[in-house]
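Input: structures, listed below.
Common to both upcoming complexes is subunit A, partnered first by subunit B, then by subunit C.
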Partner chain A sequence: MASWGEASESRLIGKRVTRLSGKDKVTGKAKYTFDINEPGMLYGRILRSETAHATVMGIDLSEAEALPGVKAVIPLIEVGNKLRYQGQEIAAVAAETDDIAKDAIRLIHVDLEELPHVVTEDDAMAEGAPQIREDWANNQSEPNVREDGDINTGFDEAAVEVEATYHTPVQTHVCLETHGHVAKWEDEQNLTVWASTQGVFGVRNDFAQHFELPANQVRVITEHMGGGFGSKFGPGIEGRTAVELARITGKAVKLMLTRKAEHLVAGNRPSMTQQVRAGATSDGRLIAYDMKGYGTGGISSGAGFTGPYVYHVPNSRAERVNVAVNAGNQRAMRAPGHPQGAFAMDSLMDELAEKLGMDPVEFRRINDPNEVRQAQYTLGAQEIGWHRRNSVPGSGTSVKKRGMGVGSGQWGGGGGRGTEARVTINADGTVEAVTGTQDIGTGIRTVIAMIVAEEFGLETTDVRVKVGDSQPGLPSGGSGGSQTTPSVAPVIKTAAAAAKQKLFERIAPLLDAPVGDLRVGTGTIYVVSDRTKTITWKQATGQLGMESISEGGTWEEDLRQNGAAGTQFAEVEIDTQTGAIRVIKIVAVQDCGLAINRLTTESQVNGGVIMGLGQAILEERFMDPVTGRMLNANLEDYKVPGTFEIPEIKSIVFDTHRKVTGVGEPPCIPTPGAIANAVYNAIGVRIRSLPITPDKILDALAEKA
Partner chain B sequence: MPEKDKKQGTNISRRNFLKGVGTGTVAATVAPSVLIGSEKAADAQAGDAIANATIELTINGKSYQVEVEARTTLLTVLRDGIDTGGNNIDLTGAKLICDRGECGGCTVMVDGKSVYACMMLAMDAQGKQLTTVEGLADGDDLHPVQEAFIQHDALMCGFCTPGFIVSSAALLNENANPTLEEIKVGLSGNTCRCGTYPFIFDAVKTASGKV
Partner chain C sequence: MEKFSYVNATSLEQVTSLLSESGWGEVMLIAGGTDLLAELKEYIETPKTLVNLKTLPGMDSIEADASGLKIGALATVADIAMHPTIQHHYTVLSQAAGSVATPQIRNVGTLGGNLCQRPRCWYYRDESTDCLKKGGDICYAVDGLSKYHAILGGDPVYIVHPSDLAPALIALGASVKIVGPEGEKTMSLEEFFTLPAANPFRENVLEPNEIVVEVSVPAPKPNTKSFYLKAREKGAPDFALSSVAGVFEMDGKTCKTASIVLGGVAPAPWRSKEAEAAVTGKMIDESVSQQAGTDAVKDAEPLNDNMYKVTLTRNLVSRAAMMAAS
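== the complex of A and B ==
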C-alpha cells in the first residue's frame, strides 16, 4: 500500500518550505498572462452593454473600423438578439495600442430597443414582474425539495423554536488579474494561447473544439496566474474573442477584461435568502428544521446553498429555488454554497442555544457528529479564551463592546484521477517533474518539488518543476474544488518512486547489493545493510551515461483522503456609537489531512479566513433597480479587506492523518458565521443579513433601545 | 401601464444615449481622441489633436527615450512602452489592477517615495528617479524586503506582490522600524485578494532595520 511514511521519517514533507516561485514573484520577473508582450501584439477590447435588458436593433462598426490603428472590429451579438444583463458582449476591437482600442470602442454605435428589466430578487419575484426567462414561471426555477424524517413529528418534540430569515448578498470574486488571454496563431493550424485560467487543459480543449483544431495543435500556457477563486475555468467569450481577433489580424492579440467587466460578467457568488424554522429538545438536541430559500445566480441558475449544514437534524425539509435577474452569471466561488449556508446555520444554532440557555459550543458538541470538529471545538475555545466570553450578550456599559462567536465548516477535497505526470532523472543528476496542472497561487509547484526531493534525498530547489503548459501533453484537471494537491501529489509520488526504483536497478550492481537494500540519504544513495557502501546522487546518476530515467505515475487512492473539517472562533469589538465593527482575532482550526507544505498551507488558511471576513463585514454587489446597473463595479466601492481590517489570525493546521486533503476552499466557510455570532455576543442584537456593516449595527441597536 | 409609459417617454433620448453604449452620453458625442504618431495622424480632427512628445525617463538608473501621448500614463510606458530604438521597455512587474488609484498594484518609487503609476502621466515623470520592483535588487542580492517576503510566504498568486514590495520598501525608507499599526497604515494603499496580509506584516517586521 502506498504511503507517505511516518512524520519522523520525513525530511521535507510536512515542513515549512518557501515557494519556488518566490524569487520571480518578488522581483517582478514572474510573467502572468497580463504581462505577455509579443512582437507586434495588438490590444483587444470588448464593447459591453450598459443596458440590463434590450433587443439589439443595429450595430454600426464603420466609424471604429476607420480609426487609424484599428486592425479589426467584430460584432459579438447578432442584430435581433437580446442583451440580458449589463456587461454582455456586443462587439470587439483589436488595435495597435490599448488606448486606440479604447477610442475605437467609443466609436461603435449600437441601436437598442430597451426591454423592462429586474435586477433584484424582490423585484423579480414580485407579482406582475417582467418575465425575463422564457423557461421559468415568475422568474423562478422549479423548487428543489429535500426531506429527511418528518418535520411535524420533530416540531412536536421540540421544547424551543426559532424562526428567522437570513440573507447573504451577491459577492464578486475580484481576481486581481482579470480574466484574459494572449492569443497567437503560429500558422493556420497551430494556436498558442497564454490564459489566465485555473484549467489549462479545459481551455485547450474548448479552443480546439471551437476553432476545429486537433487538440495537440493548441498550446495553452499559464505560467503564473493572478487569482481565480473558482471563476476561471473555460475561456469564456473573451477568450474566444481574443483568438478570433488574432485569427483575423494574423497578429498576437492581448485581451484582458477591464476591472468593471470583471465585476459584471466574470462570475459571482449567488445570493441567499432563507426563512427557517427550527426546533431543539430541552436536552439540547436539534430535532426539526424547515427551510424555504432562494437565491440568484443572475440570468443563469446555480444559486445553491447548503442547509441544514454540518449539524445533525433528524427531521428536516429544505426547499430552494433559483431566481433569475438581469445580471451576469454566477460562477463557482470558493466553496460554492457553503459560506452562505454555514452563516445561516451557525446563526440559527446560536439562537437556539440561547433559547435553551446553553453555551453555543456545548450545543454544537451535542449536535455535531464529526469527531474531528469535536476535538477542534476544544482546541479553538482554548486558543481564543472562550471563558472570557461575554456571559450575557450585550451586557456592560462601555461604548466599545467585545464578543466571541463560533462557526463550523466541512469540505471534501479528496482529489481524483486524471493527472498524468513524468519524473525524469538525467545523467548529470538534474531532476525534472512535469505535469499539466497549474499553480494558481496555491503553491502546487513547490509541493511537487518537495515530494520529488523527499523521494530522491535532494533539496526542493534541485527539482525543476514544469506546470501550466499543455504542450508536453500531460493532462491534469482544473484547479477547483480543493482538488489540486490530492489529485496531483499521489501521481508525482508514485512517478518519483518508480524513477527511483529504476535508478536503484541501474546502480545495484555497482554497489554490489540487492536493489531492495538501497536507500536514499541526503544527496546520497547507500546500502542499508552496509553503510560504508555509499555513493553521491551525482555518482549514481552518472551511471546512466547518455540515457535518462523517465517515469509516469498513478493516482493511488491510499495517498489522499476526502473530508476537511474546520472550526473557527472570532472575537470582535463593536463601537456602539458609530457602529464600527473591528474583528480582533480569528482562531481557525482547519483539518488539512497531511499538509505537505505547512507554510503554504497556513497561507491558504489565512487567505480563506480573510475572504470570509470580507463576506462577513464588507462585500456586497449593489444593483440599481432603476437603471439595471451595478453601482459598485470597481475596487473603490466594492470593498475587499485591506490592511486595516486584518485581525490577528491564528491558523492552526490540524493534522488528523497522513493522507493528502485539499484545503483551498474550506477555511473561508466558518468565518462569517463565527463573526456574526461574535457580534451578537458583543451587543446582544442579531444581524441576520451580511455584510454586517455599521448602518445595520446602529439600526439594530436603535431598535433594541 | 407605467412600464410602457416609461419606455415610450424616454425612447428617443435613450436611443441617442445608446449610440455610445459602454461609454456614456458625453463620450458618445466626443470625436475620436488623438492618434498622433500613427500614419494617419493628419486625419484626426483639428482641435482634438494633442501633440505627442518624445520624453526621457530614468527608470532603475537607466535612461529611456520614448514617444508618448499627453494621456499616456507612467504605467503604460513601463508595461507597454516601446523606446525610440524600437525595444519593448517590458517592465511588467507593476500591474494595472483597479485602474483608478485604489489598489496599489502599480506602485513604483518616484524619487524614493511610493506613487501609483496608473495615476501619473508619463510626461510628469521626466527628470525624476523612477524605481520599479525590477530595480530593487542589487544584481543577485535581493532587497531585504524581497528576502523577507519569500521567507514568510508573504505572497500567494503574487499579482499584488510587486506593489506591496515597493510600498514596503518605501515605508522602510521613511520609517526604519515601524510598529504593526504603522505597517498597516503604510500599506493601506495596497490590496491583496488571496489574503496574504498577516505574512506581509511579518515580512515587513523582519525587513525592518535592514534597509
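== the complex of A and C ==
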C-alpha cells in the first residue's frame, strides 16, 4: 500500500517551506497573463451592453472600422437576438493600442429595442413581472425538494422552535487579475494562448474544439495567475474572442477584462434567501427542519445552497428554487452553496440553543455526527477563550461590546484521477518534475518540489518544477473543488518513487548491494546494511552517462482522502454608537489530512478566512431596479477586506491522518456564521442578513431599544 | 477618456484667461488628479483642455504663525496631515486629512482638489445614467438605492459632499481665496459650498473662470479642543458614511463656543447650528451631549436606505461633545 511514511521519517513533507515562486512574485519577475507582450501585439476590447434587457435591432461597425489603428471589428451577437443583462457582449475590436481599442468600441452604434427588466429576486417573483426566461414560469425553476423522515412527527416532538428568514446577497469573485488571454497563432494550424485560467487543459480543449484544431496543436500557458476562485475554468466569450481577433488579424491579441466587466460577467456567488422553521427536543436534539428558499444566479440556474447543513436532523424538508434576473451568470465560487447555507444553519443553531438555554458549542456537540469537528470544538473553544464570552448576549453598558461565535463547515477535497506527470533525473544530477496542472495561487509548485526532493534526498530548490503549460502533453484537471493537491501529489510521489527505483537499479552493482538495500540520505545514496557504502547524489546520477531517467506516476487512492471538517470561532467588537464592526480574532481549525506544506496550507486557511470575512461584513452586489445596472461594479463601492479589516487569524492545521486532502475551499465556509453569531453575542440583536454592516447594526439596535 | 490638450500653467492670469475662453467643462484644472482622472476615464467629464496647476510656483506652501494658517491650494493632503503645527493646534484638520483615502492618494491629492472634488454618488459616476446632477430629469437616489446618500439638504439632488477637509476647515472658521479674471476675492469657506436647491449641477459657488488658490484658518482660541470623527464601512480607503468635525472652546467642562460641521450626510458640508446651540454655554454632560446629537438631526429626511445615518450622525455628534468635556 502506497504511503507517505511516518512523520518522524519526513525531512520535508509536513514542514513549512516558503513558496518557490514567492520571490518572483514580490519582485515583479513573475509573469502573469497581463504581463505578456508579444511583438506587434494588438489590444482587444469588448463593447458590452449597458441595458439589462433589450432586442438588438442593428449594429453598425463602420465608424469603428474606419478609425485609424483599428485592425478588426467583429459582432458578438446577431441582430434580432436579445441582450439579457448588463455587460453582455455586443462586439469586439482589435487595435494597435489599448486607447485606440477603447475609442473604437465607443464608435460602434447599436440600435436597441428595450424590454422590461427585473434585476432583483423580489421583482422577478412579483406578480405580473416580465418573463425573462422562456423555459421558466414566473422566472422560477421547478422546485428542488429533499425530504428526510417526517417533519410533522419531528415538530410534534420539538420542545422549542425557531422560525426565521436568512439572506445572503450576490457576491462577485473579485479576482485581482481579471479574466483574460493573449492569443497568438504561430501559423494556421498552431495556436498559443496565455490564459489567466485555473484549467489549462480545459481551456486548451475548448479552443481545439471551437477552432477545429487537433488538441496538441493548441498550447495554453498559465505561468502565474491572479486568482480564480472557481470563475476561471473556461475561456469564456472573451477568450474565444481574443483567439478569433488574432486569427483575423494574424497578430497576437491581448484581451483582458476591465474591472467593471469582471464584476458583471465573470461569475458570481448566487444569493440565498431562506425561510426556515426548526425544532429541537428539550434535551437538545435537533428534531425537525423545514426550509423553503430561493437564490439567483443571474440569468442562469445554479443558485443552490446547502441546508440542513452539517448537523444531523432526522426529520427535514428543504425546497429550493432558482430565480432568474437580468444579471450576469453565476459561476462556481469557493465552496459553491456552502457559505450561504452554513451562515443560515449556524445562525439557526444559535437561535435554537438560546431557546433551550444551552451553550451553542454544547448544542453543536449533541447534534454534530462528525468526530473530527467534535475534537475541533474543544480545541477552538480553548484557543479563542470561549469561557470569556458574554453569558448574556448584549449584556453590559459599555459603548463597545465584544462577543464570540462559532460556525462549522464540511468539504470533500479528495482529488481524483486524470493527472499525468513525469519526473526526470538527469546525468548531471538535475531533477525535473512536469505536469499539466496550474498554480492557482495555492503553491502547488512548491508542494511538487517538496515531494520530489523528499523522495530523492534533495532540497526543494534542487527540483525544477514545470506546471501551467499544456505543451508537454501531460494533462491534469482544473484547480477547483479543492482537488489540485490530492489529485497531483499522489502521481508525483509515485513518479518520483519509480524514478528513484530506476536509479537504484543502475547504481546497485556499483555499490555492490541489492537494490532493496539502497536508501537516500541527504544528497547521498547509501546501503542500509553497510553505511560505509555511500555515494553522493551526483556521483550516482553520473552513472547515467548520456541517458536520463524519466518516469510517470499513477494516482494511488491510498495517498489521499476525501472529507475535510472545519470549525471556526470568531471574536468581534461592535461600537454600538456607530455600528462599526471589528473582527478581532478568528480561530480556524481546519481538518486537512496530511498538510504537505504546512506554511502554504496555513496561507490557504488565512485566505479562506479573509474571503469569508468579506462575505460576512462587507461584500454585496447592488443592482438598481430602475436602470437595471449594477451600481457598484468597481472596488470603491464593492468593498473587499483591506489590511484594516483583517483580524488576528489563528490558523490551526488539524492533521488527523497522513493522507492528502485539499483545503482550498473549506476555510471560507464557517467564517460568516461564526461572525454573525459573535455579533449576536456582543449586542444581543441578531442580524440575519449578510453583510453585517453598520447600517444594519444601527437599525437593529434602534429597533431593539 | 476623450483626447484633450494639456497645458502647463505658468501664472494665475494665464489660468483664468484659459478658463474664460469657455464655459463649464471645456477647460478643466488638474493638480493631483485623483478625482478628475477617474471622471475622465468614466467619460463623466470630457474636457478639451487640461491645465496642469502643479507648475504654478509657491502654491503648495503651508504657513503657520500666531494668527493662524495659510495653506496653498496645491498643498497635498499628506502635507496637511503631517504638519506638526496642524497636528498640535488644528487637530480636527490633521485628523480629517489623515482619514482621506490612502497614503498614495494623500501624497498627490491637493487641498484645492479635495475641496472641489465631485460627488461619489453611484448614479452620478455611471456614464449611462443621465441623472439630475448631469442635466437629466431625476435624482435616481430618491426611488433607487440610497444607502450612501443625503439625509439633510438633499432636495432635489441627494448626493453627499465627499470632502473630509471641508467640514474640518469650516469648523475652524476657514476662509478661501479665489482668483478670477477680475482679481481675487476672499469668502468664508462655509459660504463657498452650495446646496442643490441653489444649483443642482455644482457643489460650490466657483464661476467657470475662477480658481481656488488658498485657504486661511484663524488660530484657535486658547483651550480649544477639536476632533474629526469619521464613520465608514471600511478602514481605508472609504468615504464617510457620516463624519463630524467639532471645534470646542472649553472652560473646564463648560463649552464657551462650538462649531460642529457634518460630512457625508448632505450635498454640502453641513454646519449644525442646532448642535452648536445645544452645547454653547453649557456644562457638557451625557444629557447635553445627547441633546446636541438629537438637535443635529432633527431636520433630517432620510431616503429609503439611509435611516441609519440619522442614528449614526446623532451618536457621532454626541460623542464629539462628550470628548470635548473629557
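Points worth noting:
Note that in this section the second predicted complex is superposed on the first by the 705 of 705 C-alpha atoms of A that agree within 3 Å, B and C clash if a C-alpha of one lies under 4 Å from a C-alpha of the other, contacts with A are read in each partner's own complex, and residues count from 1 in each chain.
The rule we apply is simple: a residue touches a chain if its C-beta (ideal position, glycine included) is under 8 Å from a C-beta of that chain, and two chains touch if they have at least 3 such contacts.
Please read all numbers here as calculations on a predicted model, not as lab measurements.
Shared-chain residue A:Glu636: touches subunit B and subunit C both. In the superposition on chain A, A:Leu510 contacts neither subunit B nor subunit C. Of the two partner chains placed by the overlay, only subunit C lies in contact with A:Leu698; subunit B stays clear of it. Of the two partner chains, neither subunit B nor subunit C is touched by A:Ala427. By the touch criterion stated above, A:Glu50 is placed in contact with subunit B and with subunit C alike. Here subunit B and subunit C are compared by how many residues of subunit A each touches, and B touches more. Of the two partner chains placed around the shared chain by superposition, neither subunit B nor subunit C is touched by A:Ile74. By the touch criterion stated above, A:Thr578 is placed in contact with subunit C alone, subunit B being left untouched. Contacts of A:Phe644 after superposition on the shared chain: both subunit B and subunit C are touched.
Taken together, the two complexes place residues 50, 636, 642-644 of subunit A in contact with subunit B and also with subunit C.
Of all residues in subunit A, those touching subunit B in their complex are 18-19, 21-23, 25-32, 34-35, 37, 47-51, 54, 63, 67-69, 90, 96-100, 103, 105-112, 114, 116, 130, 174-177, 224-227, 229, 258-259, 440-443, 599-600, 602-604, 606-611, 634-636, 640-644, 646, 649. On subunit A, the positions that touch subunit C within their shared complex are 50, 577-580, 618, 622, 624-627, 629, 631-632, 636-637, 639, 642-645, 693-696, 698-699, 701-702. Chain contact summary for the complex, subunit B toward subunit A: residues 3, 7, 11, 14-15, 18-24, 27-28, 30, 32-33, 35, 38-41, 43-44, 69, 71-72, 76, 79-80, 88, 90-100, 102-103, 105, 132-134, 136-137, 142, 145-146, 149-151, 153, 155-162, 165, 183-185, 187-188, 190-199, 201. Contact residues of subunit C toward subunit A in the complex are 120, 122-123, 126, 128-129, 140, 143-145, 147-148, 231, 233-238, 241, 305-309, 311-312, 315-316, 318-319.
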